[in-house]
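Each of the next two complexes has subunit A plus one more chain, namely subunit B in the first and subunit C in the second.
== the complex of A and B ==
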């Protein structure tokens, strides 16, 4: 970091203090990584099905692919690494340590001007890729970002993304991960730090054998508004494992989550969400909803919404609902001559559209 | 060319019988009305004809221009020319009115042929205007959050777009304001043609005064118990359905 010239005594103190905090945190994170163990089935964050097996396979693929160090300009490297070291995970400290070790490519964007068209960030994996993205939006700025991950067959992407939004800023992030062939895999760890801005974050996963998402959204100041969405149409043997945390450090902020899936064939979706309202974070509004439309009796959903509220005057709600297609809706479409397959498609995409619409609004 | 229903018996799946031997013939070009007390089976009859999964046909037959209706799937019946404006149109969240109508019209085209989007929207807009519907309704999810009367108009809009040969209107007039009633009736009257027939289910003379059916039936306890001309409407309007009970005794 450049050390600024001509600063006041207080500013110098504040700077020194911030740097001391940072190095303490970094030290702490080193210790944390040294203690971290690989996911196993006893770990609460790796329950249901066999996600820990996928996690170990992911680690093996990354190690086997070696270190494709490339792309990221040097001066960005440090920022990416630093934010990554401080990143919270939901049961994946050991994997994050692996990511840091193999960290090969990434982009850091400091957005200081309003963007008229979305900023595109895209990563493509041929074998294994471990990218890292850092997005910071300056006060009062409006921006839109699209992050795309593309995996070739039998390849994997293990990505981290740090997002920081300053006061009065507005950011919309659309994340799409897509696989080719039958065995593409993807894991995304995201940390959103909202300092009084508005953030909307949408994830979608397509044609992936396995996808895991860990999204931690933290609000640090009142009036922060963070909205998290996900919309997925899972088919075949797809396994989607989503873990989220909405952390309210300060009161007077809002977070909202809507994760929706359509499941066909033998697809599996796990959702474990947690809302944490810290002591003293009064007047928090936090909502969380996971909805699944089951098109097949062989599809599986595990849904665990959770709340931990340590403050007063908090408005919180969480809920999950999974069910088959509404017979009356289907009949209505059929009765207008729309064939069975098209009627299913219309209702299924209509179901997901709620999340996409709310993200776009 | 007609819709012919013979000795139709139907019940709620694994439940009580509701239709107990309906006989009805509606030739193309005619407008028939069905009246009858609450719970007599009017909506059930119309839904059974469309193939609603709640019901099963236990006896009898229905033919649409000579085709066995009950051998067809729900969507096939619609494409064969049958249409039902529901007593309670369903809300379909997430599916816009425009996409819904497009899919229904696309399904009527030969394989490989694409619906012309420009003329589709033009037609949709003009029909909506005719029904006094705000053009914004094209982008709204089907019936979601619509008022009672707006839902009914939306069903009539679908009828106008799909041009069925046999249209059943199940209490379309309930919930419509005076102006909407006139607009909808005008719409129906404008669609009257020698190749099309209507079966209008209603409780009120108001609608029938506009539409003026050729034949009026009374459905009671799952059977057609009276068939007459328009004078039957006046009789029911003045005396109610008491005559059914006295004739039973």
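== the complex of A and C ==
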């Protein structure tokens, strides 16, 4: 191997070991993809998610759109392609394999300096788009990123996002996906690797016919802090399918999750969360909360908050609550002369504000 | 213990040749079913019914996509499907494991019962107690018989509800039970009769009191009330390693059923039980469930709230020590308006034990004013203990409120330190803390059960903490 002259034996050894690990991981990942089948009814990670409808439709649309242009910015970057290959999914390995076939579009940012204004990353799909975003934050750096996905004209976006945060770094990521037209669809696979920094991640979905989120937040070192938020107001026939995993590989870290939805009309929201505390990851603090406000008789909520705890000295809790609007709050607003519709809107936005406020702090 | 009092030589000899005529052998085929039907003298419709169920059982896939890993070890070829009492395999008191003997000692189980529970004796004789009780019940018009007798003598009541709450094709294990069922109870409580004394499977003297493929159907007619108890806290040895019971409860208008199960099978047993109740208008069904034994338990008592203002409740305690997976939980289906349900589940994982809560709460479309509250708490005793929570909640519409909360915790070190300072051993302190953790649920059990449960936890703590 062609290592530079000025590194020590130990460093060279560590480097060789890392490379061996990487190639082993890549081999494993290849096997994972070869085994993966398109999500079906027996796929527990797609429970309530109607994979035979939505996963198939997404795959069909992406395949129909064809390969990205040769000039796609990340096309030649093998390191980034490998990073995406190693991404965990929540029941969608086959779809990630499809995404890799279309790899190329996207942006990679290595943030080494404190930023005062948010870094904007934005993607707009005309028919179908498969962007990959990579955000790496150097030790001790504070940064803020805003990622916007826009599906014009009932198009679809199938995106991946890899976030790596080094020790002492602070990162806030705000993800917003929005659709236009009657049948816009969006799927986001996100992997957050926290190596001792602080990460806050907020997602929101608007006017999409179907959206699926798979967010895997991993913490590797003590003192890591990962907070995940989502706030959505779903109307019409919207279907939102959110899956999260908070994985604690080592002890002493904190993770927190708050996903809130307001559902009107015929909207459906599914939340399936999981906190996994690995063996030996003692002194972990992990919380998870899913709250749904139901505004319509025809709205549906599925909530699957899960815990898997393999260590002790752990503080973990999860909660899920779904219910109608508080009559007293509504009565108060109405008695102050606020019309019915506005009062509803006010309470709904107040409900979602909790998640947004917590993200902002 | 003085072993000579047991007369082991004669009691251990239960594998005498003539008793083998009630052993259907390994594996489940049409021949096995014919064997069971012939042995029990069952009518033709039941034979056809069982065969149909067998066909469904063979067709249906195992629920590998959601079930715990341990279920992969279940090999249906390696089980016996019909063992009558005389055919309990030979086992002498010497073969009973030391820890089991010690537990009997500590729990204060009467000697006659010890032999039965340890699998040395095939039958527990409580004829006198039972006869008195039966006369009392008959006066009130209560039917309390085993399921075979129920189907024979009371077909007009039994058959209309047979397999209605849990249909044959509900899942693979339900089909299995329909094909191979034997044992279990059939209970009918007439209109307005409120039973003051709990009914116990323990006292219903018959060969199949604790069957492998137990089939229990309890019907409480309008306004009736009863409490049923099965199992016991003392450890039970069983040579039949697959248990797949079906328990159906029907609470008609305004009726109230409480079903108490305490299970402490030896760890070679797979305990895969389906329990479901149907609650009509203003009726109430409560499952009070305690899982202490078996290697793998999968048990999710369910209530289908079918009538307006029906109420369902599940109170569940499970304890998993090394080598055990307790996959327990609850299901509540709100199929009528203004129905309410409550689930309280507490689990304790000791050593490398794994306790899981798996639940489902569903509020169907158009149902207004439904309420559900779910709480599950887990306590981890050792660093290698494991706990999981897998709830699934589905709510349709904006007129119901559903909430779920779960927490995982350890015994507070400071509390242990304080108690130890006062002169308690660590194990005593730990057992005090664990008993405190489940205290509010233990109160739900009948007195003798809760006393035994406490002693059992003392014992567990001594073993794991020392």
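In this text, the second predicted complex is superposed on the first by the 345 of 361 C-alpha atoms of A that agree within 3 Å, B and C clash if a C-alpha of one lies under 4 Å from a C-alpha of the other, contacts with A are read in each partner's own complex, and residues count from 1 in each chain.
Quick note on the criterion: contacts are C-beta pairs under 8 Å (C-beta built on N, C-alpha and C of every residue); 3 or more make two chains touch, one makes a residue touch a chain.
This one's a predicted model, so the numbers in the text were calculated from it and none came from an experiment.
Chemist: Give one of first, second, both or neither to describe whether A:308 is in contact with subunit B, with subunit C, with both, or with none.
Modeler: second
Chemist: Name the contact category of A:247: first (subunit B only), second (subunit C only), both, or neither.
Modeler: It touches nothing on subunit B or subunit C.
Chemist: Contact-wise, after the overlay, does A:349 reach subunit B, subunit C, both or neither (first, second, both, neither)?
Modeler: first
Chemist: For A:47, is the partner it touches subunit B (first), subunit C (second), both, or none of the two (neither)?
Modeler: Touch status of A:47: second partner only.
Chemist: So which one touches more of the residues on subunit A, subunit B or subunit C?
Modeler: C
Chemist: What is the contact status of A:337 with respect to subunit B (first) and subunit C (second): first, second, both, or neither?
Modeler: Only subunit B is touched by A:337; subunit C is not.
Chemist: After lining up the shared chain so the two structures overlap, which partner does A:328 touch, if you call subunit B first and subunit C second: first, second, both or neither?
Modeler: It touches subunit B, and subunit C stays clear.
Chemist: Which residues would you name on subunit A as touching subunit B in one complex and subunit C in the other?
Modeler: none
Chemist: Which part of subunit A faces subunit B closely enough to touch in the complex?
Modeler: Against subunit B, the touching part of subunit A is residues 327-329, 331-340, 342-343, 346-347, 349-354.
Chemist: Contact residues on subunit A for subunit C in the complex?
Modeler: The touching residues are 42-44, 47-48, 279-280, 282, 292, 294-325.
Chemist: Which of the residues in subunit B come into contact with subunit A in the complex?
Modeler: Interface residues on the subunit B side: 50-53, 73-75, 77-79, 84, 86, 89-95, 99-100, 103-104, 107-108, 141-142, 158, 162.
Chemist: Quick one: in the complex, what on subunit C touches subunit A?
Modeler: It comes out as residues 65-66, 365-366, 378, 380-410.
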